Amino acid sequence: MPLLGRRHRLRAIIVTGLRREFKRPATLVATAVGVGLVLVSSIVIVLFLGAFLPGQTRDLSFFFVPASNGAILFFVTLMASVVGSALIADDLNSMALTLYLSRPITHADYLIAKAAILAPLISMIAMLPLVLTPFVAALLGLFAWTIALEAIGLSVLLGLLFTAFYTSVTLLLSSLTTRKSYAAAGVFAVTFGLTIPADILASSIGNSALLYVSPWEDYLALARAAFGASGNQLDWPWALAILLVATVVASLFTYLRMKAVEVVSG
Amino acid sequence: MSAVAEAAGVSKWYGEVLGLNAFTASFGTGITGLVGPNGAGKSTLFKLLIGQLHANQGTLRLLGENPWNNVPMMRRLGYCPEHNQLYGWLSGQQFVEALLRLDGMPAAEASKAAGAALKVVGLSAAAHRPTRTYSRGMRQRAKLAQALAHDPEVLILDEPLSGADPMARVQILRTIADFAKDGGHVLMSTHVLYEIERITNNIVLIHNGKAIASGDIHAIRALIDEHPHAVRFETPQPRQLAQALARMDHVVSLEVPAEDTLVIRTRKPDAFYKELPGIVADTKLEVRGLESPDDSLEAVFRYLVG
Amino acid sequence: MFGEVRAVDDLSVAIPEGAIGLVGPNGAGKTTFLRLLLGLVRPTTGTAKVLGHNIAEGVPVRERIGYMPEHDCLIPDMTGVGLVTYMGRVSGLDANTAISRAHDVLQFVGVEEERYRKIAEYSTGMKQKVKLAQAMVHDPQLYIFDEPTTGLDPRGRTEMLDLVRVIARSPGRNVVLSSHLLPDVETICKYIVILDGGHQIAAGELSQLLTGSADRLRIDVRGDREAFARRLLEAGMEADATPSGVHVARKPGVEAAIFQTAKALGVEVRYMGREIRSLEEFFLELVQRNEARGA
């Protein structure tokens, strides 16, 4: 029987995965509310600042504000925990992993496919609103198109990085347990367990270096640097390094973890 | 000696779901195999026998007493459940000891009894390793050890051989056979029919919550009229042998599928086998081999359950 | 030859086409062997080829293998046909072929309307059948069955073994059956590989490994077995009464003597046939010998 190649096999996993996700009410709600809220709030903020505070210079640094929208953090975390936590945990729980790995795909293929299910959903919150906001703002004539296009470009990059970080960390957590609820809790812990204590400690002790621990602060530092906004307490190269390294290490650990799972047991 | 366990019209429902439906059977001494399709009521019967469930209807007697809420009775029983989850961090020795002490045995005695039971099932070498390192066969033996350790009169075993490797299998069957030889009674269920045939001829066949047959496999087989008992002969003179055997009026069909084979079917296998040596000796016909391909538990099961 | 494994764990195995039984105690290396076949582990030393492909390549080998695992592995919230189709596509079938094959194999294994229901609602027997179906959907050349009858009731066991037998007899298809239930292996496989302690301790055609003595008979006697054996001895035959029956040496006139004696003593002869060792006896003996040698 003639067999199609790797791309088709991966596509089958991705498409089926996405289709199954979108049958779940939780995913639909999280996506709709997340994208909607973030988009609306970003646009409203920009309009508000742009239209009603005439003292502001209408330059690139404006677009730092929608990028720093806390709703992004919240809804990305929500999406990662609703969708992402089950992606590998369920396969470990049911041991369907055995079926996947007995197929002509590699461990890496499996992970790439799973990542490709989660990443688009996360990027709909982390990237899409940030891309649409300057577009809408320019359409309404509030900003010049050159600025808007630059903002769009930077938003894509920031969004990609943020998405990559959350995708790989969520998949790592999902691969460590058979219970998706634990993985989901883990995602929340990474977000709020790192962000909030880091913020509190940094201000109370006065050591802003603690802020590097919080992925959100790292992201904000990058965004500030990208959009040219002021007030950066962190060096953006370090922030970038931290996020990149974390992403790569998480991916690597996930791969090693998958390879270690015994799918043929004695 | 009265039956070890007697059930009369026992019914047990879980809401609408059928457990047992007017189940009536008695289990004799020695080893009895309990056989039936999935969902037939075997687990329900076991749970009723060990007093974990109360029947909705009917009477159940084990060793003459009602097992429900009967704590002294539990001491005379050894039960091996089907599931394989043991306390993974305990060693085999600790596991059996712990259960014995729950039973009320003092610590020193429990330790000795546990060691002895583990020896009987062949787990002495592995007794001090945590049970999570045990293979399926070893877990089955550990469960059996725990069932035997307090010297019960009756063993109730739910799928004791499932997943066990051949060596463990042999050991478990031997332990059960020895237990029965020493006067114990065993009721065991399994799906692998030839395993039961190896240690006993007594079975109870359960289907849809009812006992559809009980007793000696061969006696049951002989009673299944719609499927006359087949006997295959290996002989260079099939037709002459057929002629000789046709004289018996309980022989309903004769077939020569190959030049060296004769297959006959008889309504009365006992009478057939009784007369057979005489006929062969008198006619001096050459018979090189004979077997009854469907005188097995497998055939009984197939004919009665489908 | 479809498979050749050399010197892994010091394991050297050459496997011919057809239906092969893989047998061995726990920890013997069966699991590792299956993992090797599937390309999920690499041998530390030595080489292995399956169906002409080096197992180090992994993916091309798995294209040609259908694996039916022992443990539960189905996705509960998919339907039977959904899962089998999905697995077909992950193996590389295009969408239309996958769904068509899925229905065909589900029909073959005997899953009827249940295929449209969620797997979570399936009985054990149905689940085993779906496991078999997903192993077949991409029409592999090599099937690996790991304890296919686990948890099945007698009817389910018979059905499953019949299916395995049909597959094993299909031309151009090879089957590796790994099981602890040696009589099952005996009825399906023509060739056996016995592993113990990471080594192959025996391999060969069943018919050759198991010829006990063609020149001995086993008789199942109903009645006084001892007396029967004694009478035969008196008649000049070699007879031996054991729990499994009376064993006699085949000599001219022994059959006649058997029936004469039975008639004279009034005992019944219920079985008379070749004294063939069962695979189980052969296996246990071999493993014990191996232990004595090595341990």
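All chains are identified by letter, namely A, B and C, in their written order; residue positions are counted from 1 within each chain.
Here is the rule we go by: a residue touches a chain if its C-beta (ideal position, glycine included) is under 8 Å from a C-beta of that chain, and two chains touch if they have at least 3 such contacts.
Since the model is a prediction, treat every value here as computed from it, not as a measurement.
Any chain that touches subunit A and also touches subunit C would be listed here, but there is none. Think of the whole protein's Cα atoms as having one middle point; the chain whose own Cα middle lies nearest to it is C.
Greatest Cα centroid separation from subunit B: this falls to A.
Distance from the subunit A centre to the subunit C centre is 50 Å, each centre being the mean of its Cα atoms. Here the spacing of subunit B and subunit C, counted between their Cα centres, is 24 Å. In this assembly, the C-alpha centroid of subunit A lies 59 Å from the C-alpha centroid of subunit B.
For subunit C, residues that reach two or more other chains under the stated contact definition are 26-27. Shared interface positions of subunit B, i.e. residues touching 2 or more other chains, are given as 135. Those residues of subunit A in touch with two or more other chains are numbered 266. Those residues of subunit B whose C-beta lies close enough to touch subunit C in the complex are 35-39, 135-138, 162-167, 169-170, 191-194, 234, 273-274, 276-278, 280-282, 284, 286-292, 295, 298, 301-302, 305-306. Across the complex, subunit C meets subunit B through its residues 23, 25-27, 123-125, 147, 150-158, 180-183, 217, 222, 255-256, 259-260, 262-263, 267-274, 280, 283-284, 287. Across the complex, subunit A meets subunit C through its residues 1, 3-5, 8-9, 12-13, 16, 20, 90-91, 94-106, 263-266. Per the touch definition, subunit C reaches subunit A in the complex via residues 26-27, 30-31, 34-35, 38, 40, 58-60, 62-63, 65, 67, 69-78, 86-87, 89-95, 97, 134, 138-139, 146.
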